[in-house]
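Two complexes, one shared chain (chain A), two partners (chain B, chain C).
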Partner chain A sequence: MAMVSEELKRVILETLKLDEWDLTDGTLASEVPGWDSLSHVTVVLAVEQQFGVRFASREVIGLRNIGDLQRLVDAKLGGARRA
Partner chain B sequence: MAQVLAGHLRERGIGRGDVCALIIRHNPIVYPLYMACVRAGAIPAILAYPNARLHPDKFRQGLKGMSQRSGLDFILSERELEEVTRPLVESEGSTIRAMHFPLEWHAPDGSGAGLAGDRDGAPGRITADDPLLLQHSSGTTGLQKPVLLSHGAVQRHVETYGSVLRVGQDDRVVSWLPLYHDMGLIAAFHLPLALGVPTVQIDPFEWVSSPGILLEAISREKGSIVWLPNFAYDLMADRISEDRLHAVRLDTLRLVINCSEPVRQESHAKFVARFHPYGLRPRALSACYAMAETTFAVTQVPPETPPTVVAVDRIALQRGTVRPSAGDGPVRLCVSSGPCIPGCEIRVVDDDGRELGDNSVGEIAIRSASLFEGYRNYPEKTAEVLRDGWYYSGDYGFRRGHEYFVVGRKKDVIIVAGNNIYPEDVEAAVGSVPGVIPGRVVAFGEEHSELGSERVAVIAETTVADELAQRRLRLEIVRAAMAIDVSIARVYLVPARFLIKSSAGKPSRTASRDRVMSIGEADLWRPARAGGAV
Partner chain C sequence: MTFTSVEFPLFLSLLLLLQHAVRRSALETYLLLLGSYLFCVSGSLTGTLLVFTTSLVDYTVGRRIHAAEDPGLRKRWLLASLACNLGILAFFKYANFLMGAVGSMAGTMGMPMSVPHVDFGLPPGISYFTFTGVSYVVDVYYGRLDPSRRFAEYAAHVAYFPKFLAGPIARAGDVLPQLTAHVRASARDFEVGLAYFLLGAVKKLAIADQVAPHVGLIFSDPGQFDALTLLQGAIGYSVQIYCDFSGYSDMAIGCARMMGVRLPQNFAMPYSATSIAEFWRRWHITLSNWFRDYVFLPLEIATRAARFPSLRVSANLLLTMALCGLWHGAAWTFVLWGALHGAALACNRAWTARTARRRRTGQRAGSSLGTLASRLLTLGVVVGGWIIFRAESWAMAEVYLLRLVRFSTDGMRMLSPQIVVATVVLIAAHLLVDKDRNWVEQLAEGGVPARAAAYGTLGLVLCAFGASEIVPFLYSGF
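What follows is the complex of A and B.
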């Protein structure tokens, strides 16, 4: 099970302009205020930018929760960098 | 496959005149299933599959409202919705006779594949006047207005509209639009179906997660016609990174039709600048004005003609007059939605119903060969909008020569990314949050230029004055709206007695919004915190 890194949490919260929100492995976008279908692509782009990675369309579409997003970031970074 | 599925429907007692709600996520089976309903003589109504955000009770309420209005007979859905929906089917006095799961019919993997061709769903006798489908004029719960359209109305409409667009055998429609919306159902599905051109259908949820897939599909399938709500132009211009575009070629596009939200010139300009290097021809950009009540299109900019843009004085426009900008005051760029298509007529009228001439802003009234006959089982709503054969759209606009420009709305409907949201729904949800003074909430749309659309804002009166507690209250307000699947982009908390009442005694949305804007967000609590009266 992936732990959600502080860096990922921070970029998500900053993009959604939230002061604080409990983001865990199983958190769904639909549970987080402001994270709707329209802001989703903005969050994904911000994450890509922050970590210097690129996701393919099908990878983005396959994301079910924040844990999946963390695992995708980790896989792209090859496990080399974790905050 | 539609024939086989029609047999399945008949076996389950579904027949002539039965209203069938189709609540199924993007799946190839939806299309033949829809046709099977028609073949069986039933009336399909495609409804939005509830997303994770929507509270199950709200979803149930919406369905219940629909069943009371439209006389819903059957629900065709996915097993996952059974638990939420079953109580509604079993409740006393329910019109809903049964719920079925077509994805499971003879398909162990749930794909619907392997349906044997041994059933005979032979079509019944269908005439042009028979009802074909039910579509709903808006998205939010409770206030959906069901529009019943006949075979004749839809057929006439897609033939006329198809000839305006000069649809030919080389055309290919590509769409991510949901089928519960008239643009997705009539323009991107019925039109290609009736005219025999291919249509490529993309899951709306997948598109919004990864907007580049529309462009990839256009490139791969040589798409020539797409319809898009205005926000999609901004989303695709701003949120697709360069390295996702390497395989994209848009040379085949001949019509990119902006529809279902006010058309913004800024969004068009941005879209062309971004995708011209990938083969997008500026002349492909087009616009249309459409609604469920007229089956779909009322006006359309002719192909290969750039939509007319007029720069007008914004202040004069707010007062109802169209005056070319002299270049010194605020300007609004108005984009033409084109002339009426054949069989449609528009009158721009004042509050007393008198027709206005060119360059005067008024309500758009429409007469159309494919006009609906009224909302199903909703005579009071029908009487409000349908008078002497004219449909009063609630949209504000003006005429200039033979072209029409849509600039706003008479009703307070908020259009977010092509979805109509009723402020009443948002106000009811927010009004029940502890800390908000009950009944003292207004919701309205705020222009969001980056999104190329509107976003929902609310003003709520509260007795909570402490800043930290207010921050928590704001979050609670946003969460309350999430339960009805509405995203609130901005919450203005104000002290008691801040909202301005209308003559009817209810808080006025426009006046209260103007008051917030004139005071400024930072100063809303200043007098109260300083101990003064507001």
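What follows is the complex of A and C.
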């Protein structure tokens, strides 16, 4: 189980223009206001830019929840930049 | 054979009885496979051979992708399956359209050429079983689904007769586990299934087929009718296509439920949507989800580095919806209809992005007047779109739309009691029924008198108003 970093939370909330929302490991995109199919890739792109990583199409399509996104970021960074 | 054929109740009853006799044995899968293939054969032998071929290819490809470790090999298997499914679809559905487009293009470039017209006949269910195959292989490729272990089970899922002709486009991840587990229908499942089937039959026979002749008359020559009649025709077609297709979906869901299988919901009061985005979350839900997951999102991911994000999303919406339009039929009117919805979705996205923060933080609650205006605007786009969708050619659509917009008073005026009554019934249903409730499911939990009254009323309506001339299901022709 991955803890969701403050940095990841912040970039998601800023992209979705949300002031506050409880983002946990098991939170699904569909549970977050404004996070739908139209904004999904915009969020992923913002995360890529924030952490300086690049996800493969297969990795993006395989995301099921925020925990998956955190684990993907961690894997790309090698666990070096956890907040 | 379709759900409204006289032999269908006999076919379904026999299958249910045999299913009960062989329950909880491996024979159940083969019985379902046999029943589904008999249903397919009754429509077309070519179609049945195509279902078998694509099922065999996709099953084999699914196993190969799962077993392969080399990413390049996995991709080649995926492309082989896509080429098979989409190639078959293109050959049987779009050959004349594509050749015509090439001919027109050559003509405009000063190189006129004669284009042969070939008629292979459209195999029933082709748009649905090819999409079912594509979603299965793509899901296996992306690791979202384990491949099916037995060909008979996979083949039974693809040809599953309740959804074969016109969906819902149920995915393997939803249906296969139910088929492999040999789920049993409880008494409640059977009752809910019958209620769905009865409701679907009322929508189809007592509403859609009653308005169909009048709508057909108005659309056959829009130039000879005045604007009020044309408006009536557009609203009538909106009623017809909803009741026809959601009626079919209800009957499909009902058939499967009587056998204990739950198919995904395909409609959820779409005309009560307050935005075009919400409309597509409520209209032909399984198709819009398919295009979202297998066209729009891959396009978005592939183009995410594009410089202007808003433009990227809008362009991808436009392309996805134009393809969605083309899926409905090989004609430019369908492409235009899809593009209109794509443009409307892009406008809606731009508008919601502007107001998002205020809405999400609760600073601006929507007024009831605003909700009504949003609903009417959405309906305007949807009904206007149906005119392009239904018209036999762009020239006919142009005449229809121009006469409507100019509010032409010349021409014949016709009043169709069927269209008026059906529209009133549909408006009342959309106003009275909570759009997020599923009353069929909830009714089965109620007391016996309420259930008996509801089912009795539906039966009476069907007997009293069911059309004697049955029109083929509109979406089985797409």
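Here, the second predicted complex is superposed on the first by the 83 of 83 C-alpha atoms of A that agree within 3 Å, B and C clash if a C-alpha of one lies under 4 Å from a C-alpha of the other, contacts with A are read in each partner's own complex, and residues count from 1 in each chain.
In this text, contacts are C-beta pairs under 8 Å (C-beta built on N, C-alpha and C of every residue); 3 or more make two chains touch, one makes a residue touch a chain.
Predicted model only: the values in this text are computed from it and were never measured.
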Who does A:Ile61 touch here: chain B (first), chain C (second), both, or neither?
-> both
Touching partner for A:Leu28 - first (chain B), second (chain C), both, neither | first
Partner chain(s) touched by A:Val41 [first = chain B, second = chain C, both, neither] | both
Residues of chain A at both interfaces, chain B in one complex, chain C in the other = 19, 33-34, 36-38, 40-42, 44-45, 57, 60-61
The answer for chain C against chain A in the complex is residues 142-144, 277, 292, 296-298, 300-302, 304-305, 309, 313, 317, 349, 356-357, 360-361
Touching chain B in the complex, chain A uses residues 19, 28, 30-31, 33-34, 36-42, 44-45, 48, 54, 57, 60-61, 63
Residue positions on chain B within touch of chain A in the complex are 51-53, 205-206, 208-213, 216, 231, 235, 239, 241, 243-244, 416-417, 451, 471, 475, 478-479, 482, 487, 489
Chain A - residues contacting chain C, complex = 16-19, 33-34, 36-38, 40-42, 44-45, 57-58, 60-62
